């Protein structure tokens, strides 16, 4: 089962990477207001059930991928059809 | 002879580069990109993109600066190359040249033909490595310091061209001079074909991940510190040799 | 509390005069001031009017432990005795009495300043960033580096080298209590953070150390150090009335609000709730800031500079005005912000990173702003200094703060109580082991002794091209005792940077003595001399008598050994309140040594150089193994604590420098954790040679091979002497315990034990165990 | 208009960061087969039409965000309802 976890800075935190990227894009004359950069983990899990996958994904966020002090995350489970497209 | 050491926010190996060029009696100036865009490259014989973390290395190492050059100085750079002047990119500077499409190529390619990808170890690595100079088989010790140095051409043909045209100038090796053959840590980042540095066909654009400017003087080397010069000097002799010669000929 | 409070659009007023004790403390708590009752009362009696939140926050910041060092500057009561200001009474006093002409400015500025040569100064500072790193390891450690770099910029120094000393819980423990992050998570984050910031800034990270112990599970330590260089004429501190106060660098946001009061209290159980204390590092911004400051410095445009650290704008501007006997009027809405709608008090005390304050005379304003624009550094003109000695802050035309600076900088003295803390030596020894080689190999692979190469390689230690002696030696990354930086192009002189840290020695006094000696010893090994020291205390809550007692002992040792070893303190910092649900931190003192060497080409490394050279030990090996790596490995708590004989130590080190200058030393390594055994093995790692040593020849009254091999007696060195110079060497060390114990030969470490048996470990085994 | 651009390694390319993350997750005993790490740019563009936003996003990828040697990308335009949730 494939889960996709996005880890991003919580609202209110300043994102230097987003800021520099926004400025670079503006410099290249793109009509950009602002940019936020986050990380996306596409993880192949050895589990069968969707609920279980979500539970494990949450655990992974808490234990390693995100720091709840500054990060928030969202979890998505890919259905079979989407796998080919995304992986 | 005048050299321009270009910089933007996040550049940081400019000073040591200046010291090295001055050893060759080259007048070296450190110039901010803003000024360069305004004033152009006229009057310079050498253009250096030094190491560092230009624009914080956000997006990809060297990408933002590389694309800025493409967008704002493309003609200037093309003319510079066409008139046989010298461009050197070291570490982040090499990444910039690749992202700008300046290397590997002979002009500027619309789409980059290679990339310096994240090291296989996924870590920043600072270590002294052994380089084999492909021209003469000499083995030199110089340090590297980078997290994205895995050279990957975008196709096999590009690699073949590089080989055929003898554009691969430095490769990672073992102390014996035998090639690293991808073996860590001799090849510190997993570069294809142990590539550490390349040039263009005309041999006036050079890019490399290792830092010869940190191994220029004997005292900078890990051992044999009593000698006046270190192994990095040989690399600069080789790169600067051509232009210094042609320059003094012009003058005569 | 409501009855004492009035709110306007963006500001709250409090009537302290009607507040009872409980209400005073409620206000302190609710506003996050961390002020105690006595301090609240002092404020109450000073103000005859309603006081604003901006003002209260100013006191909260300026009077915090972090900004004011209340404990170090307070009064300590012990056994009926009172000691005032232990910083002055011990640490600074040693410096004063040593009275070195080369100490240029000490305990004054953001960093200590000593002469490098006639023209140049070295700036040095070491900070801690423990609490933030416990909550968000990556950001906490990175901003620790960012902060200490700004301390150097804050004395107009060009930062040229970084150090990091880290203490973590054991990486392999199973479970940690709720609310505490696993040591492995902290370790990875901290190391990535330090590398990220230092590498990005292009400043080499050249020295440090990593310690693992259960005592650091709840409270990790992150020490960050920075060394800088400047010309004497660059050092300008002369802010005058009429000068502009300009805030430069990153924008001000809500990040890091109350970081200071956070660092001055214990970590609450759910540290995750403290999100405002988390800062996102932005080295790209600081790199530009550094360029701008160095340009302003080189053109001598500014009259003063200071960093924004704890307490944000409030502390930086207040201190600057106070130091120069001035007042200032600040226009707070001028500050460039990350987010709209910040309350004035938030802007005032925010600890957003990558900001500095410069003061600029009117005639230089235009050019200064031009430099800032050229370097892409944002700025805001905060206000103008005046003669009033009053700190005035206006926000949108309204006066939101008016404080007499003399009152602000004279907080009520705190009184702390202490009890005597001392370790009783016991003469316990473990049963003699069967195989010394196994013991040595297991010590070499102890996480505290083992190579830290995996970490060190992720830090750029070569950038700037000034690193003459590197943290790792040769292809196998052997250990060196100190790093050497060659800061000037036209001089062979170098700066030698070393550390000493021995938190495991059970007696606080001797622990501190050993740390001081180790820092000096490491420096001397390379050829460093004229050594200056920095102290960094990381302790538990000073409000508890035992913690205060051991702190006092350690501070006493600082005075005694700084004097006796002729090495003045020039700067330092304390981080107290390191307590977690698991209890207090293991009291930890880091000593950083900054020496000089006349010619970097003559610096000595620790790897064996050539076959046939004699190996000497200098110093006496005693039954001193309490807290040693050997005893800890065997989980033994007793033993005799290693002590320092200052007179012997000093005379050994003076002679060693003489021998180094006579160029008769091929290699030198100090004997510390793991004793002679580990020191000898380490000399093989980066060498192509081995050695044989005879324990029967080691000056010692011990009668057991294992104790001789692993004793951690201080003031000892293993030295490889160049062939033909043995006589000269022995002459230099006449009257000092020393002995020729071996020779460089073969490719293994051979040890002859007290019974005459030859034990052998080959080089490969040593490297495998250690790396 | 908000676009979300995912830049990820092309199929078949070695992903060191994914590899290291996978190892760390396995160390924590999660049932992980493998992990890919990609970057997600959430960009607020000053344009009105979806088609235009997509065109600009593609341009941004070509001109800066992706290196075609190793990267591929996918673009998603957020509908109004999703904005609050994701930004």
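Going by the order they are written in, the chains are A, B, C and D; count residues from 1 in each one.
In this section, contacts are C-beta pairs under 8 Å (C-beta built on N, C-alpha and C of every residue); 3 or more make two chains touch, one makes a residue touch a chain.
Just so you know, these numbers come straight off a predicted model, no measurement behind them.
A.B. asks: Counting C-beta pairs in contact, which comes out ahead: A-C or A-B?
C.D. replies: A-C
A.B. asks: With chain centres defined as C-alpha means, what is the inter-centre distance between chain A and chain C in Å?
C.D. replies: Centre separation, chain A to chain C: 37 Å.
A.B. asks: Quick one: report the Å distance separating chain A from chain D, using the average Cα coordinate of each chain.
C.D. replies: 8
A.B. asks: Centre to centre, by mean C-alpha position, how many angstrom separate chain C and chain D?
C.D. replies: 41
A.B. asks: Taking each residue of chain C in turn, which ones touch at least two of the other chains?
C.D. replies: Only 282, 284 qualify.
A.B. asks: Do you know which chain D residues sit against two or more other chains?
C.D. replies: Within chain D, residues 63-64 contact more than one other chain.
A.B. asks: Of all residues in chain B, which are in touch with two or more distinct other chains?
C.D. replies: 55-56, 58-59, 64, 67, 71
A.B. asks: Following the definition at the start, I'd like every touching pair of chains, please.
C.D. replies: A-B, A-C, A-D, B-C, B-D
A.B. asks: Within the complex, which stretch of chain A touches chain D?
C.D. replies: 6, 8, 21-22, 24-25, 28, 30-47, 56, 59-60, 63-65, 86-87
A.B. asks: Residues of chain C touching chain A in their complex?
C.D. replies: 135-136, 138-139, 182, 185, 251, 253-255, 271-272, 274-275, 278, 280-282, 284-285, 338-339
A.B. asks: Taking the complex as given, what residues does chain B use to touch chain A?
C.D. replies: Per the stated touch rule, the residues are 55-56, 58-59, 64, 67-68, 71.
A.B. asks: For chain A, which residues are in contact with chain C within the complex?
C.D. replies: Chain A reaches chain C through residues 9-10, 12-16, 20, 63-64, 67-70.
A.B. asks: What residues on chain B touch chain D, complex-wise?
C.D. replies: 59-60, 63-64, 67, 71, 99, 111-115, 117-122, 152-154, 190
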